[in-house]
Amino acid sequence: MKVPIILVNYKVYETSYGKRGLEMAKIVEKVALETSTEIIVAVPATMITRVAEMVSIPVYAQHVDGVPEGAHTGAITPELIKDAGARGSLLNHSEKRMRMDEMDDALKRMRKLGLESVVCVDRYELVAPMALLKPTAVLVEPPELIGSGISVSKARPEVITSAVDEIRKVEGVYLVAGAGITSGEDVYVAMKLGSDGVGAASAIMKAKEPQKVLLEFVNGAIRALEERGGR
Amino acid sequence: MKVPIILVNYKVYETSYGKRGLEMAKIVEKVALETSTEIIVAVPATMITRVAEMVSIPVYAQHVDGVPEGAHTGAITPELIKDAGARGSLLNHSEKRMRMDEMDDALKRMRKLGLESVVCVDRYELVAPMALLKPTAVLVEPPELIGSGISVSKARPEVITSAVDEIRKVEGVYLVAGAGITSGEDVYVAMKLGSDGVGAASAIMKAKEPQKVLLEFVNGAIRALEERGGR
Amino acid sequence: MKVPIILVNYKVYETSYGKRGLEMAKIVEKVALETSTEIIVAVPATMITRVAEMVSIPVYAQHVDGVPEGAHTGAITPELIKDAGARGSLLNHSEKRMRMDEMDDALKRMRKLGLESVVCVDRYELVAPMALLKPTAVLVEPPELIGSGISVSKARPEVITSAVDEIRKVEGVYLVAGAGITSGEDVYVAMKLGSDGVGAASAIMKAKEPQKVLLEFVNGAIRALEERGGR
Amino acid sequence: MKVPIILVNYKVYETSYGKRGLEMAKIVEKVALETSTEIIVAVPATMITRVAEMVSIPVYAQHVDGVPEGAHTGAITPELIKDAGARGSLLNHSEKRMRMDEMDDALKRMRKLGLESVVCVDRYELVAPMALLKPTAVLVEPPELIGSGISVSKARPEVITSAVDEIRKVEGVYLVAGAGITSGEDVYVAMKLGSDGVGAASAIMKAKEPQKVLLEFVNGAIRALEERGGR
């Protein structure tokens, strides 16, 4: 995982699968290549192989189960997504919550398999507890802002700053901010406040010009990094 | 769906994905072609496209969610599995139970999309209630026998006969029997008792010679059908 | 259970427990006695004994689990609620959905214990499937109207008439209508459309004069019954 | 909460409710009074009031939900258990797992209400993450030993010592050990290894002479404390 972390969650929109899902991956890849930035797409389990075979950007699953191999009909295990071509996965998204023990099970196996992991939480108070399970990153997203078009950067900057304070208590885990991120300015602010990147979904997946929005995102991220003296 | 219904549930074994998962599909296809029988494979969501592109036999998902398209991170919707190349899906497996309202939501959308559906239940008392939701088939499986090697045909034949009585109360829904099916004799008995076919998992997926076991299954099914005056 | 069925779901409001919860039970009992009508209160598990000891009206639990006696920390079993003084329970409320197999487990034990049962569903299509499990009654409630103040009687009368058609396919199960029931007229219409009674929650629990609202409910029910030639 | 912490989880055995449940509470109270030790009983929600009214020992619920007051049919909220007479509650028992966000919601409200809380975990790796949510205590219990009669003290002492190391990373949270605790020696060892007490269920609830077993437990605890220079 590289900073700035920009993660596009496909969710399950009309643009998330089939031909349109593949076109979206191409668009994301184009922006990533043009800006020399890593942009992650988290796609439906059924799309992992097709997307991973077509583009060079990292492909994530949207969820993995903690169960081991065996009699677990319908489970999406770490082994399955790795085999399909994923580099990692989201876990515990507010639309797919997991229990803590299941998450620890999944994360242990993901580490063994060399898979990256982004654990979502809905409040800064859960950042440090989740970080103790050693995922690659924690993504903090106030659920009431998800899909709202009102960004966490503007509406609740204190969530990001508190989350940044919390993540510093545990070494080696990135902090990503999300919910309502729709403009380059939102990305800039989120990163100026100390986050290592952003997650977004509808702002890209439902955009008329996703390429343009994404380019703004990357530029906002780069500007913040430069001002922070990074990159 | 054609009688005899023979459904191989891949679950999530070592043989269920990657190269070995594809080889298994080839083996199943070979038996299907040689015996002019339809054999269904229910594969992990990540495998649907790869299996469907390689073999001509019907490919099912192991689970679908009832949620509509939209902000549902991690959901496997009917639209997703159809796009991936599936012809249908299992629902409500004992290892992935669903709520009744979610099942009705999923089944309504599956019918619109032309997808087949096999709803699993753990007791004959649930056969008629589930059949009223109009899936393609109901699969009755006493969970204590799943993976046991002791077949429902031998250990609990009354489950099958009661289930057959129940399914007749609703028109146009197939009845499949499962749990512990390991031999051609098990398949023969299950179908002589009135079921339209069988579901199996470990007996095939963990077999040293899956082709041989599957061939026995088909022969047992054909023998039962002939004696019943069908086919 | 007696027709008209009038069921007051306490839920977990400020008025649902402690002194206020007991006062509410007294008010409901008063209306029941004055009108010689049976009115059921479904109270939190922690309140069952206190309410049942104080009033003569039937007391229900709001939920029971399907698990048997044993190592099931936190479960509310049929045995527990019977011991506490309950005459029955709601099951599968939209705010506490259950799986079909768990419901069948719970209902079988409830029948043995002589407990009444009201299974909630969110659509008429689930009325017959649930009725096949032989609860005392099925309560149909479109979830989008729950707590809305817009009654199913007015906004979606076809849900009630369709549910009445469905319940007739199974013998000996009552049909109750709910969601947004706030006036005597709502009760009257729901019963004229063929239901055996109504369920309500916020209209009573949050009312300034619950006694007055409840009295209207009962009068609406009696008027409908008289016109239907019942009672 | 006082050290040694001895917590008797009633679960839902035949002895857990009604007359026998009350008798058990009397027995526990007797041992508590005779030994001047605090012994907690965690009883079914339906029993809280009856037990709390009859004995002077602390009564816990076995589970609380994180939802606020309102339209939450079937929920057991912190307000409900406090009103019923509970002094605290178990949370996240292996038989009733909760999501992390729900637990944080519940714990925040419990603290405001002055309720104690014992959060269960199945592995030492979750001790620190849970402790960060500031419950009164964390109870570590390897689930494979629960009800086994083989104690964590003997079979997996390293779970206790690792858990003790973990709990020390967070100030002001007790560490309780559980699973298979059946003798005074088990309690002694668990506390010598650094835990603040033990949780037990079947060893007491299914005992022919619960009083005798419990007295042994307390004596084991006192002996460990004396050797540790505490009490």
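Order of writing sets the chain letters: A, B, C and D. Residues in each chain are counted from 1.
The definition used in the following text is that a residue touches a chain if its C-beta (ideal position, glycine included) is under 8 Å from a C-beta of that chain, and two chains touch if they have at least 3 such contacts.
Keep in mind the model is a prediction, meaning the values are calculated, not measured.
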Would the interface of chain A with chain B count as same or different, where same needs over half of all numbers used to appear in both copies?
same
From the centre of chain B, which other chain's Cα mean sits the farthest off?
D
Comparing residue numbers, which of A-B, B-C or A-D shares more than half of the contact pairs of C-D?
A-B
Mean-CA-position distance for chain C and chain B (Å)
38
Euclidean distance of C-alpha centroids - chain A vs chain B, Å
35
Geometric centre distance via CA averages, chain D-chain B, whole Å
44
Shared-interface residues of chain C (touching two or more other chains) are none
Classify the chain contact graph as line, ring, star, complete or other.
ring
Which chains are in touch, pair by pair?
A-B, A-D, B-C, C-D
Residues of chain C touching chain D in their complex?
9, 11-14, 17-18, 42, 44-50, 62-63, 67, 69-77, 79-81, 83-84, 90, 93-96, 146-147, 201-202
Residues on chain C engaged by chain B in the complex (per definition of touch):
92, 97-101, 104, 121-123, 125-126, 128-130, 132-133
